[in-house]
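Listed below are the structures to be examined.
Common to both upcoming complexes is chain A, partnered first by chain B, then by chain C.
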Partner chain A sequence: MAKIVLTVDDSASIRQMVAFTLKSAGYEVVEAVDGADGLQKAKAKAVNLILSDQNMPKMDGITMIKELRALPQYKTVPILMLTTESGETMKSQGKAAGATGWLVKPFDPQKLLEVVKKVIG
Partner chain B sequence: MTVDMSQFYQVFFEEAAEHLAAMENLLLGLDIDAPDPENLNAIFRSAHSIKGGSATFGFQNMAQVTHILESLLDRIRNGELQLRAEMVDIFLKAGDVLQNQLEAHQNGGEADEENARAICEQLSRLATSENSGAPLASGAGEAPAPAADAHAVRTYHIRFEPDDGFPQRRANMDNLIEELGHLGRLSILEDGRHAPDGFSEEAAEGKLLWRFTLETASGEAEINAIFDFVAKAGELEISAEAPGSNKAEEEEETAYGFFTDIPEQAPDQPEEDQGYGFFTDLPSPAEKTASEEAEQGYGFFEEIQPPAPTVTAKAAAPLRTAPQSGEKNALASQSESSIRVSVEKVDHLINLVGELVITQAMLAQTASKLDPEIVEILGNALGQLEHNTRDLQESVMSIRMMPISFVFSRYPRVVRDLCAKLGKQVELKTVGEGTELDKGLIEKLSDPLTHLVRNSLDHGIETPEKRIAAGKPEKGTVTLRASHQGGNIVIEVIDDGAGINRDRILEKAKERGMAVSDSMSDQDVYQLIFAPGFSTADVVTDVSGRGVGMDVVKKNIVNGMGGRIEIDSTLGQGSRITIRLPLTLAILDGMSVGVSGENYIIPLTYIVESLKPKEEDVKTVSGQGRVLHVRGEYIPLVALYEIFNISPKVSKPHEGILVLVEAEGKKIALFVDELLGQHQVVIKSLESNFRKVPGISGATIMGDGKVALILDMSSLVSLSRNA
Partner chain C sequence: MSEHGFEEVLAPNQYYDRQFNVDAVKILPGEYYVTRRDMLVVTVLGSCVAACIRDRSNGIGGMNHFMLPDSGQGSDPLSNSARYGSYAMEMLLNQLLKLGAKRQNLEAKVFGGGNVMKHFTVHNVGQRNSTFALDYLKTEKIKVVASDLEGIYPRKVYFFPKTGKVLIKRLRNIHNTTIYERESEYSSRLQQSPIAGDVELF
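Up next is the complex of A and B:
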């Protein structure tokens, strides 16, 4: 059974790139356009990994991660932040929110796949 | 695995264009003294999104501009910088630069990099001069890190050794070196010499080597991004020479790091800059050392379950226990509220529906010839089919419809810039922005409408002094109004300026030797403005004209969009320019007329009336053909059989029908045999399927399968005038 990855990003182009890359590698991909949508999609369908942008309208990535971690079914599911920010603020916020790790934008498809494989195989 | 990134470009281009438009609108609407934090956030997010996308897809010039822009906006939204009017100006200019770069990437042109450099400098100056005591790298506040990162200068050693394809690579290197130079102080240690590889000279031919040192405030990721399109894996080595070689600093620079214990492990691929990180232990085989992760630029915050099969099962468990039984349905119901579909797909669909409309009409026509008893049985079903076909057609056409706000939204900026240039005060009002019209029309409308708006500001609205002297408020008003009127979209550009001076137009026309008379109606006089080379600048004001003339505006609207343009004006009170456009370019409401057994379609919008003339109402003007006398007016009579050279069935006007049409402000009476009925017809291009025919704008297929030609009223009117 294909592992399911939820990609949350308000940028359609980045979302498409992530989805295409992961689908090509055999993952099933669910897309969400912002934090609120991501939360809803994650509730609607259990996923194995969540890749989330940080800066989004409606609900940002950090808030979404906090909300997800409050759900019993998402206590341990890995969540990676895809972010253009690489500073300590991002890291401390990410860690506090319960993110599993981060991947700095811009990244190329190979890099993305490399990281995803590390996390869910 | 290799992924062709170019497949995502189009989506990025559209997305970036939307962000730029949104950014501009928000900037224009900002209250400088008390900006709405929500709007500042939205502006920041737009810049941020463009930066993320452009960096990911390799559009480095855009990434560079947005990077600086974003840092500034971030500080403004965090209250570290006070917003000033000058900043908005520069931000707007930065938006223009980005637009230019975006278009260059999209259409394969050259972006104005000189301009880009200038705007980067201006933005940087804003950042430094306005740094009111809030140190950039303080990291104490809520400010996210990019600004902080950007200001720690490091020295990088860069080694680039391409494997193959060196001629192309070599050509790319000049640009690349220039881009590197923009990041900071660049020293070139090796400039593409042949690398010794231990083999013969021939074997070494393909090997090139560049080595640089770069002192920059930018991160390694940015250097990498510059090489992104040129370097393949393994060809590029970047190492940072960090002061004090502080681990934390290094981490920050390479954009990765750990917050929890990471098991020590020998670095197996230390040179590779991975660009990601984990905050926690990554058990073998996936675990990474701190140093390796430092190279990766990613991190984990907590323990990661190794992606072993047993764990997979565990991870998958919640899937099965998830409360949702109808997962698929739940997901489907929450699908996105909109999707992007290529225009070709929509056009194909429209084409198919067009065919369906024709087929339906054929069925109806055939059925009408059948035995009434059978028609009775078929009737209901046929009626239903017609109803459904029409609904389907309307829904499909509506896919191509876009609100006119897409065009209107660019004018606040145009007005703002032009007011500053002309020293005028103008308020722009827009009415009916939600009015929808075909996407094709939206695109074509933009240029002529821009010209009209500029004209209104330039020639219509007076200077504040003149306005006050004339007893008007010093601030002029230009109104853009869109509405539906019958089957048309009506767009009006209204100003409360000086109006058009009829006498000066006539004077000018006489100077140019045009056939005019003082008794001409106002409408006819205003139409002179549309004559080629008749610059409005010569007429209304002495400000020199720019860009296209009104003749081009008219040509775009009439020929390009099948529309009409009219001018109304009251001297001293203002002008109103009215554009009437068909709802869509694909379907037309027409009257079908018969001439000697042939069918022609007259677009309904042009028809004034139809009448059966009395014999004495048609008079012959010697050498100039016939005219129709109707209610005291003499209208040229045009016999379609003469225009199209077909032998007439009816040659006396009083035996046939005259259809009065009006185009280009002139009326003609079209002489036809009979009126056949009103239809909605699907327009097929004659030009692309056959060739351009004077007097014909296209063709359509009628219910009986016959082809009917659609008459081009504007060209018929001018044909009759020249005849």
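Up next is the complex of A and C:
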């Protein structure tokens, strides 16, 4: 059965590119438009990996990670940040919140697939 | 100085514009600027495009200035051009949202994409930049309320984010090669840089 990745980004262009990359490698992709939507979608359907932007309306990526890590079913599910933010301070905040890794945009499709395979197979 | 050749940076060139009696910032290729203030944002475009985007309810607005790095990858949704163009636009949009703009209130004016770089390998570079900007804004559901794209002349763009007003000067007589040199330098920087950010697993 295909592993499920939840991609959370307010940019439809990025969601399309991420979905295209991951679907071509056999993953099922669920999309969410911001952190609040991501949280709701993750609660509604168990996913194997969450790939999230940081700067989004309603709820940002790090806040979403904190909310997800408080849920028993998402204590250990990998959460990767995919963001334009490259500063060490923001990265440290993400790590402290429970992020598994930090990918800076623009993403390389091959590198993204390598990382996804590494964390969920 | 940015670590990667592709990185978009906040425009550092601020000055006082005596013609309009207002603080101003000049944007060069690969730069962007966003402000809450009543000021002027200026750029000169050859084949690059600039998106002037603002929140129509609170006047927070900004401008970028970019071109796509390559030419031959057609409709590949993961091409360097698609990924870099999206990145350049997202840098501007993120800064707008950080300053308090709301996504649903955003509107755009798009300029540039002239066919002015005769020595480029492909002659439709301006058209590709224009098409990308319009397609991106359509995908992101950001309304384009005005545009002046393509053609044969470079343009000077004056953007007043607070009101949304834009003045365009078509540069029919260029007395030096600065525009072309800046765009060529930017283009070769993009082509030499892998369009990929850093990856770190914790």
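What we mean here is this: the second predicted complex is superposed on the first by the 121 of 121 C-alpha atoms of A that agree within 3 Å, B and C clash if a C-alpha of one lies under 4 Å from a C-alpha of the other, contacts with A are read in each partner's own complex, and residues count from 1 in each chain.
The working rule: contacts are C-beta pairs under 8 Å (C-beta built on N, C-alpha and C of every residue); 3 or more make two chains touch, one makes a residue touch a chain.
Small disclaimer: the values here were computed from a predicted structure and weren't measured.
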Is A:41 touching the first partner chain B, the second partner chain C, both, or neither of them?
first
Looking at A:103 after the superposition, I want to know if it touches chain B, chain C, both of them or none. Which is it: first, second, both, neither?
both
A:113 in the overlay: touching chain B, chain C, both, or neither? Say first, second, both or neither.
first
First, second, both or neither for A:14, with chain B first and chain C second:
both
When the two structures are overlaid on chain A, which partner does A:88 contact: first (chain B), second (chain C), both, or neither?
first
Which partner, chain B or chain C, touches the larger number of chain A residues?
B
Please indicate which partner A:59 is in contact with in the superposed arrangement: first for chain B, second for chain C, both, or neither.
neither
Going by the contact definition given at the top, which residues of chain A touch chain B in one complex and chain C in the other?
10-14, 16-17, 20-21, 55, 57, 84, 86, 91, 95, 99-109, 111, 115, 118-119
Within their complex, chain A touches chain C through residues 10-14, 16-17, 20-21, 55, 57, 84, 86, 91, 95, 99-109, 111, 115, 118-119
Spell out the part of chain C that touches chain A in their complex, as residue ranges.
6, 77-78, 82-84, 86-87, 89-91, 93-94, 97-98, 102-103, 136, 139-141, 194-202
Would you mind writing out the residues of chain B in touch with chain A in their complex?
1-3, 5, 7-9, 11-12, 14-15, 42, 44-45, 48-49, 51-53, 55-57, 63, 139, 142-146, 148-149, 219, 221, 225, 228, 233, 248, 252-257, 259, 274-280, 282, 286, 288, 297-302, 304-308, 311-312, 315-316, 318-319, 321-322, 324, 327, 330-331, 334, 336, 340
Touch list for chain A against partner chain B, complex:
1, 3-4, 10-14, 16-17, 20-21, 24-25, 30-31, 33, 37, 40-41, 44-46, 48, 53, 55-57, 73, 76-78, 80, 84-92, 94-95, 98-111, 113-115, 117-121
